[in-house]
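Here's the structure we're looking at; comments come further down.
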């Protein structure tokens, strides 16, 4: 599904990603872990085209997408959520998701159909499956942090992706909310057959949902494999797991 | 602290009861239809000027308020539209209707060219490039004596017989204004309009749900240019003359002020601002030499006490009262 | 075109660039630290020129008049700026960018009419001091002494700003405030004072620019509108908030315009916009790193 | 703007109301305030004599042509004035003139100098009470043709006045001296502050003479730069109004000596009793010497008042008829509003800036009578038929 | 008592983050705030320092209510703060970063002394602040705070994102600081680190204190640890 090879990216001389490699098989949940500043978000930004790679390759469904514009990558079936809340702050909850659905149907340049009447069913369905139905007419800035995080994912799903990237979907969430997200991820993966790539610092969650883990450390992939292998990997323990206890 | 994406207002989309809105609009139109009956000629003329400016301001707001782009030189497209009519009618033998149809198209074309460069820039950089390129257009119009008559402008632009009386001009501008506003309103309510708000709120996110943000902004820019071109046509109908100062940056600054004065958050806001500013500059100018001082002081008070604009402020009050009534 | 002409035109352009720099340095400083788009900067420049005129006239336009004007006018403008900052701007620091622009724009309108009320509409002219009159020979072409004087003042101001910003504690605090006001507060430094001071310094520079230009031209209303557009283009092209960027683009603008006047005198009017447009298209976020 | 009314309500005739649109702010405001004071003086003189009664209101166009027209509309439609007047900006004059024609409200131009106003764009409803650029150009060419200049550099403010002046001067000069050649032209924006680069560029091309058409604040700044760069010592310079007090007063002792120029009027030239009386009356009223624009405004008022008296009516059309070909006494002698083109005919003089007993003023003055310098009626008719 | 926070409620705009939180820091004590991401540790610290002043509640510092005191006066009062994201002035050199903080409030700490504590800052003094590694930035940030000569030093996740080696070094230095008599309030996610450094701990959950006690008490309380700290 997704293949990253020898990716490199530096900012003003600082090598944020020095050698990242990743293979995401179709239908699996893959987690990228690593300490703060390892380059996880940067890697995500490179994959989704928000940043341009210095060198290396990213292939999605067999086709090269390195440094392609984000909207084109989205059209090919990849969607993402963001680590920090990144929603359309002045729109209602409904409109937030609807905007994404409209873009999916490529009607974003349509001038003459009232937006109010478009894709109501489809949007409501998504809102419903995310338990956001009751808030649909609220301004999204009035949602709680947890609900905003959920909305963040709902927007991504509006584009009906085949591959979903989640950047720390439970960061800053309470344990109940975290559980809600875990269930959601499992649901999306098992029932909807979505391929999911995520980052998380919550190891419990990672080992719970991930079928495969990649460890990033100082911009390098230091390990990649099944969860139990990663757990026992010496270098990973030194670089990351060891610290979090 | 990101100033790259202009975040213009806290709650940029006023909710408004559609029926109430329609009702107010209908009453407004009826009053305006009857107005020439009991106004002196001059005020009829002044209202026609207000209509022209109102369309210009509303078209700017598509980019400024809805698109969140700091467009500092919208007057260029207005001027280009007006000049197109002036040049076609005085330098060619084409019928007037052709001039009128051509004007918004030429304005949109210029907007396409300028916009093509500008949409790649953000925030104030965007604003300054609109300014620099717009001034370039101004300088060309100012200098190209053979075509534009230079600083003198073009006067006595011939218009069809039925558009010579001030009352007929009034009704013509009103009609075109209303049609344009309806189209603009439909656009703001369309998927395009919704996505425009989305790109303003969060361009990065818009891009990742599959919107080509640059193209979207460019489209908005061109549409705004198109309607500014129509406003240019109205200007010619009302004034029957054009001058390069239409394309000078200070003119654009005034339009910007109108938008802010009325309120960017509300579709009708810029129109209100246009009305207030046009009337103010005329009326205060009659009584004091220092009308700019008066305007400056008013603006100062507005900024300090009503930063969301007049209509924006009224909407806020309205929304609050609605929220209360709606209960929890 | 002989070398002497090119050289003297270059120096004249450079001295024009120095005025641009002095004015836009103030603007960019305010941009960088306060993050305010100060439209009133041009008005402050104009007021500086008028005050310089008045001071110089008070001394019968004699030799002391000019030097005193050069001293007094910038300081007077600095105080005006201080009043503006304390009285108005500080209430809108956390407001939207456009709102801040609008407030400073309203000051432009007010200042214009106040100048008219105070100084009247008759245009004013201030004399070049005896010592700086006339021209001298430079490789066969002549360069006015006053332009040479500007070529000295510009670098002195640049050097002063450099010294102030990189060598004094206050300068360090300014630069720190530009990147992170909250953290400056956390360190126990009064950022409010820094803001007031930077705005005043910006005003001082605007006033200095006005006082320096005053003897070379007619002091009249409308001076503000013509400089502010240049200053904005320069500041943005240079990179918002970057003083050295402003220096470079001032020089490009001044010299570019001078050569435009030399090579295409008929259409010199479009040159600044072409320069700014091309530079912005080539470097969409300014020549040097922006503080934003 | 404020209203100024000077008519004692003693005759039963309704007063004629004049709407003045002029540049009361910005770089050209001196001219407008001079002409307004001149006009007021004329109005006052009529009032003192017991009629005709003239009322007026003023509007500030800020030197912007579009402002001029919108005020013209306001004055005609709302204020219902009988006459329009003013407009220092030539482009503004042309714009207002067009509206005057449409609305059939006569317009007396005492500020805009473009020859188009009474030339190709002239019509029944526009009058000019100041020498236009055709006249100035002809006089200037006459002055310049006295010396052996060959290579000429033309320069000016990049708008109607500058272009029109330079065009007229150049075409007259080529007729008088077919061997002159134009080196190049420089054009600066209105409101240019720094003339050094222009002057340096021109100087390096070494023309025989530099001919300049600029006005207002730019004129003062230009003259100042001429002095500062010492250009006047190297290359002869010609500029209209170079020795007018409005230019020289702000320059003080920094006026560039030797700059040639044209100007129809100085408070002490022509040295006649009529002029002395006018200058004294003006000085008494406004505490300064009248400059050329004071004369233009004064003549505007004079022509209007005399025409009303002659028509014996306040009907606009009748006043126009009376004005056509009207001759009056002015400080510069007899002045006629030519019937065919409504352009005032007065003598024009030329001279150079000189230091006369410690005061900078015009010297070496020569007068050309109006027949020598007015464009012929044929020329006008030909221009209009285009 | 050095610091006494009583029943504070803090909001970000409309969202309510701290719900009646109270805590105390005694003279010369090291107190640690624990809790998972987003429970409000940073917000508590920012409320004390005045960046996000509480809507209600009191904060007493040496007996004086400082709940409404602006941030810029905290150093003069004797409180210094090291934010979690370090907030180094990237464009200033290391030395300049220190110099601007120097002399606001005089006391035992000066440039020489902080160089003694963090020799690395002497070695890198001419480097751009933004070019330092994460660990060096953390030390610079602490040094900068120390130059304010605080009686109470507030540290937000000082060990976050640092390599284990650097963490150990930093812990040493914090212990050294404590021996100089400064009171320290720190937020930590790293339980090991917290247990090593602190005298007492507060465990937060959703903007409220759920556990309060000495380090030993926490070490023994399996339930609290598994429930609120997921360890």
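Read from first to last, the chains carry the letters A, B, C, D and E; within each, the first residue is number 1.
By our rule, a contact is a pair of C-beta atoms (placed from the backbone, for glycine too) under 8 Å apart; a residue touches a chain by one contact, two chains touch by 3 or more.
Predicted, not measured: the structure shown is a model, and the values here were computed from it.
Centroid analysis (C-alpha atoms only) places D farthest from chain E. Averaging Cα atoms per chain gives one point for each, and the point farthest from that of chain C is the centre of A. Measuring from the averaged C-alpha position of chain C to that of chain E gives a distance of 43 Å. With centres taken as mean Cα positions, chain E sits 32 Å from chain A. Mean C-alpha position of chain B lies 38 Å from that of chain D. Residue positions 112, 116, 225, 267, 269 of chain C are each in touch with at least two other chains.
Taken residue by residue, chain E touches two or more other chains at no position, since every residue touches fewer.
Under the contact definition stated at the top, the residues of chain D that touch 2 or more other chains are 24, 158.
Residues 1, 3-4, 6-9, 70, 117, 120-125, 128-129, 131-133, 135-136, 139-140, 142-143, 249-250, 253, 257, 260, 290, 292-293, 295-297, 299-300, 302-304, 307 of chain B touch chain C in their complex. Those residues of chain C lying in contact with chain B across their complex are 35, 37, 88, 91-92, 95-99, 102-103, 105-110, 112-114, 116-117, 225, 229, 232-233, 236-237, 240, 267, 269-270, 273-274, 276-277, 280-281, 284-286, 292.
Contact residues on chain C toward chain D in their complex (touch as defined above): 1-2, 4-5, 8-9, 12-13, 15-16, 19, 61, 112, 116, 121-125, 127-128, 133-135, 141-142, 144, 146-147, 213, 216-218, 220-223, 225-227, 257-258, 261-262, 265-269.
Of all the residues in chain B, the ones that touch chain A in their complex are 9, 11-13, 186-187, 189-195, 197-198, 200-202, 204-213, 215-216, 219. Only residues 24-27, 29-30, 33, 155, 158, 184-189, 191-198, 200-204, 216-218, 220-221, 224-225, 228-230, 250-254 of chain D touch chain C when the two sit together in their complex.
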